[in-house]
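Chain lettering (A, B, C, D, E and F) follows the sequence in which the chains are written, and residue indices restart at 1 in each chain.
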Amino acid sequence: MTDKALLLESSPHFRDQDSVPKIMYAVILSLFPAVLASIYFFRWRALLLYACCIVGGLVTEALFLWIRKKPMNSLWDGSVIITGLLLAMTLPPELSLDSAVIGAVVAVGLGKHVFGGLGHNIFNPALVGRAFLQTAFPVAMTTWTAPAALSVDAVTFATPLGNLKFDAALLEGTLTPVKDLFWGNVGGSLGETSAIALLIGAAFLFYKKAIDWKIPAGIILSLTVFTGIFWLIRPDTYATPLFHLMAGGMILGAFFMATDMVTSPITPRGTWIYALGIGLLVGLIRLFGGLAEGVMFSILFMNMFVPLLNRFSRPRILGEGRGK
Amino acid sequence: MSLSSKMILSLTCVGLISSGFLAGVGIWTKDKIAFNVQQEIEQAIKTVVPGTAVSEKLYEERAFAVYAGKTEDGSLVGYAVYASGSGFQDTITMMFGTDIEVKKLTRLTILKQTETPGLGANIEKEDLFLKFWEDRDIRTILTLHKPAASSPNELTPTEINTITGATISSESVLKIVNLSLEKLREKIKHGGLLGGREKDGN
Amino acid sequence: MATKTLSAEYVKGLWDENPVFRQLLGLCPTLAVTNAVINGIAMGLATTFVLLLSSLVVSLIKKVIPNQVRIASYIVIIACFVTVADLFLQAFFYPISKALGPYVPLIVVNCVILGRQEAFSSKNSVGRSMIDALGMSTGFVLALLLLSSVREILGAGTFLGIQVLGSWFKPWIIMLLPAGAFIAFGLLLGLALLIESKTQKRRA
Amino acid sequence: MELLALFISAILINNFVLYYFLGICPFLGVSKKLDSAISMGLAVTFVMTITAVISWMINNWILIPYNIGYLQTVAFILVIASLVQLVEMFIRKMSPPLYQALGIYLPLITTNCAIMGLALLAARKYYTFFEAVVFGTGSGIGFTLAIVLMAGIREQLDLADVPEPLKGAGIALIVAGIMALAFTGFSGMIKL
Amino acid sequence: MKIKTFPRGTHPPEQKSLTAGSPLESMPPPEKVFIPLHQHFGSPAKAIVQKGDEVLLGQKIGEATALFSADVHASVSGKVLAVDGYNHPLGKPVLAVSIANNGEDRPDPGISGTENPLSLEPEAIRTKVKEAGIVGLGGAGFPTAVKLSPPKDKPIDTVIINGCECEPLLNADYRLLIEFADHVLQGAELVRIATGADRIIIGIEDNKKDAFALFKDKTLDSQIEIVLLKTKYPQGAEKNLISALLDRKVPKGGLPFDVGVVVQNVGTAKAIWDAVKTGRPLYERALTVSGSGVNNPKNLIVRIGTLFKDVLEFCGGQENDANILVMGGPMMGLSQWTSDVPVIKGTSGILSWQTDPPFFVHTCIQCARCVGHCPMNLVPTRLMKYAKNDHIKEAEDWGILDCVECGCCQYICPAGIPLVHWIRLGKNNVMIEKRKKSA
Amino acid sequence: MSFLIPVLTMTVLSLLFSTGLVIAYKKLKVEEDPKIEAVNEALPQANCAACGFSGCRAFAEAVVKGTAESNGCPVGGNDVAAEVAEILGVSAGTVLQRVARLHCRGTKEAAASRGLYLGVTTCAASHIIGGNKQCSYGCMGYGDCVLSCQFDAMEMGEDGLPVVIEENCTACGKCVEACPRGLYELHPIEQNIFVYCRSLDGPKTSRKFCKNACIACGICARACPEQIIMENNLAVIRDYKNIDPEKIPAIEKCPTNAIGRFKIEEIEMDERNEAETNAG
């Protein structure tokens, strides 16, 4: 017979093995193919940007935790590293490092800690950081260079979507082939260029059940339908849905950023509306907006609706409503 | 005095006194303000139609007006067109000049805009945007040169330059100009410039 | 009610009852015109002008106006002074008037002004009302100055148009845009409350 | 088509709260609870539409013909204030439930700069009558959208661990800032 | 054959193999028993014996005081030592009758059986059940006699015998199914007669295939349906069970009555048969003693009132590093602060194991796993936050009272948030508020 | 002319609208509680909605209805609050001054703990799973009461029991509601003798659970049978006023100190002083 103190707790007394840090590190792992691809394409610039964003994020997190006298555990749960990684992945490769650090500080500070830290934020922190940078330094944030793997010196280079929107690439037949989008030897943000690398990571996340399949599915569905309709009507003015799916931040956004659980709805119905909304907005902005790419703004915009979606899409409790 | 009449009386009095006061101030500042506005327009016309000494309004509608630039002796040097339309965020208002035959655009100046500072707002900057508008050939339609050129020599006479990162704003200005030119030619062709109230004043 | 000393009546507007930071009144102009210090100052002065004169008039005529049309009358009086300020700016400071756009006529609906008339001038003597108005407007000007300085320095690297940060500084354009206004003001407000709670603790 | 574009741009691009900074006080003050935010939004939309009509009439039938543009401010405010008060009394008498839902917000709106701003902006842009009406309604809906989103977010933030000094207005302003960022995604979408 | 189930739910590690093969073993009655007068849902029974009285096995010692109450019987024969407060597995000491066992197990002569139970009238069955002090043995301890008297306006058409035993580790119901199949079947028949239903369904999870086969065999020529259910927690929760078996949804806030169903646990069915056939009151029950902290895990039949420590002693004692002691299953059971508590009618298991002190509790990351696993389709994270922030009205609107405290949400939560504890707190506050309002 | 037109226009407009308003005012007037108007008058009319209502009037209505506090207007500050309170006539008359008292002495040392409590650390949560102490009637020490007090009248003591700061306590009763075990009661401030235990456990059990528990020995009740009785294993003071001060030493013979005076030091100080003066 033991006489040591027994544990007292409310039921259940069993716990699943999965934990927040485990999920977070799975996401980090899943980003590795894309990170490696970006290092291949952009060489040391990529490494520097990743380092700046992650370290900037961690330092900011530590500072806030210290100020607010919170336990330092959440520094190491991996969420900040994801925010830093994802922020870096959405930055133009030639962005100056001090700007990247500002972005990381804003992402973690303004995107997350002013709301109370992990789990309380309304907007996707990495995207808040990116949106802040894009609005603070619009020129630097829309100046793209060719991947170092393709050319020796950094020349400015239009991204596939920029080409499509501002250079009438479709009419002139200079639209980037989908094959290139797939492998990644195109211009664009650090981590978004290689679709295949991102998809490998996404597959891993599905296997780990770390993301809700409804979100990418809904986004892809509505973007495909939306761009598809216009493509069918005017194939000479509008690009194919496949192009839109592969180009820009779509895959990164749909699989890694819109799926951020903190900032997506908690109810199934809400999740569908959220995802369909993002896809639709991306299509709208890309086809008719003033910007070439709309993934970031679409996700931020739908983030705003999440509280309302949560509130008005409470699932029907078992036995609620009419019987059966 | 009943409450109602007191109410009416006091409110009316307040209205009366304040409007009297205002009318006074209004009359006092009226000329000055009119002068400011006039001066702004005048200044713009003089910039866009070089050689103008006096100007005269030939036509006006919402978001579109035509002025004649004349020398001291009253001979026409060119037209100044006042135009506005929407840019990236909000309305852009501008003034540009043409020669008498409307074959050449002499200059462009921006009167009012609320584009993004550092981006679209650069349409106000001489070096980045305005200087590329000097002496454009407008017998055909003007087009955008992309990517941005660094000197006017890189452009053909029918091209205008883009501002890096502000394609939309540049494009909007271009569109407004093209549209207004069309309107201007129309008016000249149909004698619209001489019609209307302005004719009586002539 | 009139128990405060005159100087206290003035000082309260600076911090304890600062219209912007403590009462959250008149936020629209505060946010809208603070993209440059000069605009902020102009706006502050215009508001001061209106606040002072309308306080004067309201405290003078408070007895004659029946209650039911009180607000309507006050608004008309305020509107009158606002128009004067607007015309004055248009006539003598045309560029500033252009930059401030419709926000000068909007002073008429600035809650600070009507609020002061109702809360104070309509109940207090002329002298007191003027002091109170002066305090409130000083507080308002200070708040505008603070916010516009932050925004102009970060957003353009300049203060009153003079370069203050070296050329190494890349201006944060966001600070000149609506988003930056909201964020900067939100953070300043947080800071103000933080300082307030700290000093209160020390006082206690 | 033009009207539709004007309508959408009034809601999404040139949003009254997030772009023009008008009506910030009620936007912060009445966005603590979703229900009141919705009522407030509807009341503002209603008043804005009326204001657009009335101010257009005053401007185009009185002020411009007699060339007394400088009376704009005084005339608008007088008319709007009286009118809203009349409407309020009317609703209160005629439909108490409607008054409960919307009417109690009316006095607040009278002296609200969004309404006055609408009248002034519409006058400055020389809108035609129909444009003015569409602009008024669109702006009202834009205001409603912003305040309802804000209320939803604030209700959720009630459950969050927001740092003490930022609670309330501070965090609401920061959220508004990020909302303004998100809305910029629509910039350039509508070309009038 | 299609395996039926319900949507959502979870799969905690089963660990049933520890005792699945051990037959039920009768534990010898201990020296002393402590029989609480409150072992059921409802008001406590009133003691009808006093210190010093001699009592017989099965003699009534506590009398039901209300409709929602149950009689309590002596589980040994001997002398009453005291009627006094004693530790109770539910946490707060309650009045208990302590009896010194004289080792004779002399039965109460008043106990009499029935020759032909299946020919009895419903009323007679109910009386027998009530006199035997039977309460639901599935956990809630709801007085069975009440359950067998459905209101007139809610006719019962189906009796479900709940043989799921979806809680990990527990095997007592499974052993009853295998070893007392006939008793269970006849007990079910009695329930059918008492409630006037015309259909009996016995639901068994597919991790008990042999029991399923045995029952199939035994019911080849009867109306009784035996249905295989997927092994998933909480298959045995009655609302989910009804939805899986009959595709009927018990209305929000309602009871199985409302859809014409009565659900009884296997053990209850057997107890009903015993009571009606032999007149034997409920003074012992089957339970599983298991977990890595128990030296010799066993399935036992134990007298009510036996102390946990005696039971554990009988099973070879606890491991030295065992640091948690649970009454019931690991998902819904109650953690005990001492082994000095008596077995009660609702004790389906005594478990002990060694568990790591809890990891760091993160904040909720809104992953919505709890939402995806809640069998009641609730939004546990919201309920938790409402409870935490005292938003009582919202908590009620979001259905906090419908939570069955199954623990799926907390089991799955990666942040390690004690969701169920918060929800229970919230429920408590909602009830307090309601009471205040009605007062 | 240019002077006349504006003046005329405005005059006509103001006349028009003031007449309209007056007519509407008369015709459409809705009867209501005059207090609302009075309160509304007292408010600053900033209509800023900072009070959480749609405007000053809405706030006034709420105050009169009782759904808002009279000091809810942040703009008006204390002066307005006072004015509003006056209109509503809620100025507090002098009432019997009471103070909250804790009825438990189960300090960390005295009351044995149950085990390693891992649940949610609030008293209410702990209570629903039986609590963290062996005694299921006593204070759990997580300080729900301290949090509930809005007047800084409470703090958690070193010994794990909350302490009421008498000067700050307004007898609002929040703590009484907050404590899931009902350990607080509001008592007249001059009452100085209490039972510091709520355990209904039998003597043996309660003695085992907590050193300071009332073990129902009855010593106190025997000393003052009229004023103190034994009920369900617990001493209960029925009538503190008539406890003979002479009997207090007898009461304080309590073997576990579960009953006795609250402020012993002060009184003994007085006694000592008295003794000294007597001696002098």
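Operating definition for what follows: a residue touches a chain if its C-beta (ideal position, glycine included) is under 8 Å from a C-beta of that chain, and two chains touch if they have at least 3 such contacts.
Bear in mind that the values here come from a model prediction, so they are computed numbers and not experimental data.
Common neighbours of chain B and chain D, listed by label, are A, C, F. If you take chain A and chain C together, the chains in touch with both are B, D, F. Of the two chain pairs considered here, A-D and E-F, the higher C-beta contact count falls to A-D.
Relative to the C-alpha centre of chain D, the farthest chain centre belongs to E. Inter-chain centre distance (chain B to chain F, centres taken as mean C-alpha positions): 70 Å. Distance between chain D and chain F, defined via averaged C-alpha coordinates, is recorded as 43 Å.
Centroids built from CA atoms put chain E at 48 Å from chain A.
Among the residues of chain C, those touching two or more other chains are numbered 24-25, 68-69, 71-72, 76, 79-80, 83, 87, 111, 114, 173-174, 177, 179-180, 183, 186, 190. Counting partners per residue, chain A has 5-10, 110, 114, 117, 119-120, 132, 135, 138, 290, 310 as the residues that reach two or more other chains.
Residue positions 7, 11, 14-15, 18-19, 22-23, 25-26, 29, 88, 116, 118-119, 168 of chain B are each in touch with at least two other chains. Under the touch rule stated earlier, the contacting chain pairs are A-B, A-C, A-D, A-E, A-F, B-C, B-D, B-F, C-D, C-F, D-E, D-F, E-F.
On the side of chain E, the complex with chain F involves touching residues 84-86, 90-93, 323, 334-335, 337-338, 357-358, 418, 421-422, 424-425, 428-429. Residue ranges of chain A in contact with chain E, taken from their complex: 1-2, 4-16, 18-20, 22-23, 71, 73-74, 77, 79, 117-120, 212, 261-268, 271, 310, 314-320, 323-324. By the touch rule above, chain A contacts chain C in their complex via residues 96, 98-99, 110, 114, 132, 135-138, 140. By the touch criterion stated above, chain A contacts chain B in their complex at residues 138-139, 142-143, 156, 158, 166-167, 290.
Remark: chain B residues 88, 116, 118-119, 146-147, 164-165, 167-168 touch chain A in the complex.
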